[in-house]
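Paired with subunit B in one complex and with subunit C in the other, subunit A is shared by the two complexes that follow.
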Partner chain A sequence: MTITAETGPDTRAAAPLGRLLAAEVRWVFRRPRTLVTLGLFALIPVLIAIGVVVADRDGGGGLIGAVAGNGLVLPIAALTVALALLLPLAVAMAAADAIAGEAANGTLRGLLLAPVSRLRLVGVKAFGVLVVAAAAALAIAVVGVLAGMIVVGSADGGMVTLSGTTLGLGAGLARVALVTVWVVGQLAAVGAVALAVSSLTEHPLVVLASVLGGLIAFGVLSAIPALDWLQRWLLTSGWSAGADALRYPITLDAMGSSTLRALCYTAIGIGFTLWRMQRRDA
Partner chain B sequence: MAVGTAGRLWARIGTGVAIAGAVGLGLVAMPAGAGAAPELPPVSPEDLVTSVAQANPGPLNGTVELDNALGLPAIPGAPELANGTKEARVWSDGAGKGRVALPSDQGEKTLVSDGTTAWSYDSTDRTATKKAVTPGEHRPDAGAADPTRSAADAIERLRTTSTVSVDGTAEVAGRPAYELVLAPKPTERTLLREVRIAVDSEKRIPLRLTVLATGSADPAFEVGFTDITFGPQDPALFTFTPPPGTTVKDAPQGGDHGGRPAGAEPTVVGDGWDTVVIGKRPAQEQAPQGGPDLSQLGTPVSGSWGSGRLVTTAVASAILTDDGRVAAGAVPEQVLTEALSK
Partner chain C sequence: MTAAPAARAAGLRKVYGRTVAVAGLDLEVPTGAVLGMLGPNGSGKTTLIRMLLGLTRPTAGTAELLGRPLSHVAAALPHVGALVEGPGFHPFLSGRENLRRMAAAEPLLDAAAIPRAVGDALERVGLTHAADRRFRGYSLGMKQRLGLAGALLVPRRLVVLDEPTNGLDPAGTRDVRAIIADLHAAGSTVIVSSHLLAEVEATCTHVAVLQSGSLVAAGELRGLLDSRTGGLVIVTPDVEPALRLLAEAGAVATRDTGGEPGVVVTDGPEPPEIVALLVRAGVAVHEARRRRPRLEELFAQLTEGS
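== the complex of A and B ==
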């Protein structure tokens, strides 16, 4: 104990951060539900691809309609579709397991008593949620590119933008990557807020319900014309910006402002989680 | 206890981060407020109008926002005329080539003119329409969505029947501008109160056009740049090659836009603000496919000129007569019926 007193409480036997993070990621991916979710996400682009090919080319307008004969649009369309509800659901699930789930199992007490500062604990848990978000988005993007190129086929090996120009394969993939990164940013915001709810409760279901309920409420609010001024506050109002990556020249305004908004939501969620976890006993 | 102190510190930092996030969200959500009116050297209305007519802004690109509060009734087949805000991105090389993009949530309409050929591409049905343009002709037909063109036209048409004045300054798209105001002379019988045009103080091009109707403080119609940059543009923007998988069509010759049937040139009654345009409307069977259906609009009216249906909006009225004529103008109903009786 004398040694501990000399080196200070925060540094005593502190596990290296890298090992903590690796342990959390292993822990997250050991849950069968995480793997099943990722597998289902990989199916989304495949289903859309089959649907587009079967429906021939008058499959209607919209982003899905733009996929016909233009496979590189598929990952972006699939990400946009999944961002509406499915991806936030996966992230909320991970966040629910991260704190509320551990509390329900009784394993949170051990973590809180372990010689790990609460700050690190929140950081590690947030990292776990972010990894799930990135893995889910990546699964859709990668399978989307493959399914798009193989099942749908691409226009001259490139991507036809909504503006009617043709991009090369490299530029097309770069745009897919941009949308993927942007989606992960939006999901980080959802995850941070979900983590904040998770730190308040010991029932994982509460987290799922509040995140999905919140998303639906945001959707309802944005559909009311009299509440136009509220739009700029809602996280979901920028979620159609992914289509901007398909324009020529590309316009980043909407993706930029929604990323800023997501950053603010992330700060609120993480800040609240930090504050709450300092006080939490179990 | 050391841990307790650190814990409290982190709790406080957490609170701080959350509050910073909330404040940041407020800043992001804050609408970009109108800046203070810039200080500019005074200019006489005549000089301003002359300089607008001679302005040559050179290459530019920008974003145009169109705010429509005209209150047009919902016309089946033409939802784009309903109230609302629309956005367009424009590029111009300053010498007749241009590009306009009309983005929607999941698609885009693109108009490109390379000086000899005008293309219009619609991403929703992937059709490209080709039309030859004479080099003298202006950039692609973007209709009212071009503040520079529509404002210059308005000045040209309304000068003689208006009181022209310069009413202070404004900041439009981050640039200082003069507010040129055209108000109808008292003899004009019109529904409009005034037309305000914000003219860039340096380049002298109209940046914003605002139409105000009598009895309303809010603009009935506003089109203006929200963002504008002057400077050379990428020449690739002004060429168009139909992408693979596109249906390419030739635009119908001789007709602009709505494909107006030959021999139906509209007649103009009056001038200035109380101009009434009388045209023939295409008979139902020869109406352009997918064109607006006008037969159920408005309220029935009749008079010595015949009978028809009256459609009124905040800034204009129109009478669709039963014998196939259309009279429209920014005027009250009485002026329309007088024009129809002539």
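== the complex of A and C ==
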């Protein structure tokens, strides 16, 4: 009596993918820590902007120094600063919640029993982590552009490149967008590796610790001159490439090679996650 | 619907390291049955359930769920509702939001039908009043009810409930019993593991008793209880003469300590002979009945013997 018809949802073996993705995104953004994290990321460019304006001394070195009087550099500087540690941590947190956290809650079991196939589950979870990465990068970029225009102000409403030329507003924004996309790509790599760790444990903290430990280890390895040959394999070694977007003409070599590296990390991370989730007890 | 059993295990075995959780077990759960799975803590009930549902890979053996082998268990799962190892929900979501998230993954639910299915399930477990409170603030019993609601989101052919009455008050326990009875009446098969023997005796048609990963008894509850005689109860005011006569006839009889005056014969001649003997000797026999053991006694016999 419970089987009413041979057509329609009664014979469906899986819920529509779009519905699963929407439910995942809703879950991600209903999580208070996601919202708090995004709020804090939005603060980063504001703090840098205030710092630059208050200090207001010419000749401040580096990327941050270049922000002075040049507002459109602010989002790129903020993204570069956050990429070093904060953005990867936020992505690791999302990945930790995605599998390890669900397992700890006992909700992973519920999803597998619905059933959501294990292949699909990895897809849905990876999508959720990517959405967090994109939202975090976007929060910095958008607030960065606004704070840059309003608090710092800009030369002729455009962007002064590190090479000394001036770009119009449109071209400046396009470069901000390019760096944002590149940052999301790097974060996807971090997220994929974090998901792989997440698929191995039911303790979300293990995922955070692994990513943090990995970042520090990469930092140490890249500081050892004898290990120069290792540089090209380290994900973090290309993370200063965002500043290249501020040159005229733009140089894409570093961003391109780091994106390739990120793709490799992503493929390995997702591949391992898939392999592991096929075997995982829930 | 096919005549195949709702669930079947053949030589199912699970070993964790050096611990044998389930030791090569054969079990059939007939379609439409309410199977009570009994056993002391650590006897393998949950591991068996997890293997049947495809959550854990068996070390050896095969299993079928609604006629599908474990390798294709996904095809059966939309028709299976389960509450395994306690309710798992997100603390920061309300009960209703938690169920909506579960419902979004249910293949048999249309998107438009989700709010209604969630509302109905909440109503069914008596949680409507707390539906919009965060799961974090739920009492143990409310959490358990929400878990039950999750298993009932869709009309199911098979419902698997692992310790559903954990943490429930007497009213909650009654509700669970009523829900199981409803499912049974609607033709669903129910597998319920419990350590509350009175619950199982009240709601189940079949039992499976596990002990150290092995099945020590399985079958229809009535048949199992009938197979173990609890003795012959004879209600009579003439207790002393009856005891003397029975002792002379070689029967083992004692005074019935519970209820009406009478004697209990636990061994000796067959019941017709005993009754005839007493009546011929002038003992007033008001009633003679076979006493069936309670499930509790049967369970104790089965699990404490080894």
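Please note the rule applied: the second predicted complex is superposed on the first by the 269 of 282 C-alpha atoms of A that agree within 3 Å, B and C clash if a C-alpha of one lies under 4 Å from a C-alpha of the other, contacts with A are read in each partner's own complex, and residues count from 1 in each chain.
To be clear about the criterion, contacts are C-beta pairs under 8 Å (C-beta built on N, C-alpha and C of every residue); 3 or more make two chains touch, one makes a residue touch a chain.
Predicted model only: the values in this text are computed from it and were never measured.
Asks: State whether A:Thr251 touches subunit B only (first), subunit C only (second), both chains, or neither.
Replies: Only subunit B is touched by A:Thr251; subunit C is not.
Asks: On the superposed three-chain arrangement, identify whether subunit B or subunit C touches more subunit A residues.
Replies: Touching more of subunit A: B.
Asks: For A:Cys264, decide between first (touching subunit B), second (touching subunit C), both and neither.
Replies: first
Asks: When the two structures are overlaid on chain A, which partner does A:Trp275 contact: first (subunit B), second (subunit C), both, or neither?
Replies: The first partner, subunit B, only.
Asks: So, A:Ala66: does it touch subunit B (first), subunit C (second), both, or neither?
Replies: first
Asks: With the two complexes superposed on chain A, say which partner A:Leu113 touches: subunit B (first), subunit C (second), both, or neither.
Replies: In the superposition, A:Leu113 contacts subunit C only.
Asks: Tell me which partner A:Arg30 touches in the superposition: subunit B (first), subunit C (second), both or neither.
Replies: Once the two structures are laid over each other on A, A:Arg30 reaches subunit C alone.
Asks: Both subunit B and subunit C touch subunit A; at which residues?
Replies: On subunit A, the residues that contact subunit B in one structure and subunit C in the other are 8-10, 117, 279.
Asks: Going by the contact rule set out above, which residues of subunit A touch subunit C in the complex?
Replies: Counting only subunit A, the residues touching subunit C are 1-3, 8-10, 12-16, 19-20, 22-23, 26-27, 30-32, 105-117, 279, 281-282.
Asks: Please name which positions on subunit B make contact with subunit A in the complex.
Replies: Of all residues in subunit B, those touching subunit A are 2-3, 6-8, 10-11, 13-22, 24-25, 28-31, 89, 101, 103, 105-108, 110, 119, 121, 123-125, 128, 234, 237, 240-246.
Asks: Under the stated contact criterion, what part of subunit C meets subunit A in this complex?
Replies: 1, 50, 53-57, 73-75, 77-80, 82, 84-93, 97, 100-102, 104-111, 113, 150, 155-157, 186-188
Asks: Considering the complex alone, what residue numbers of subunit A touch subunit B?
Replies: Subunit A reaches subunit B through residues 8-10, 57, 61-63, 65-66, 68-70, 117-119, 155-156, 160, 162-166, 232-233, 240, 243-244, 247, 249, 251, 257, 260-261, 263-279.
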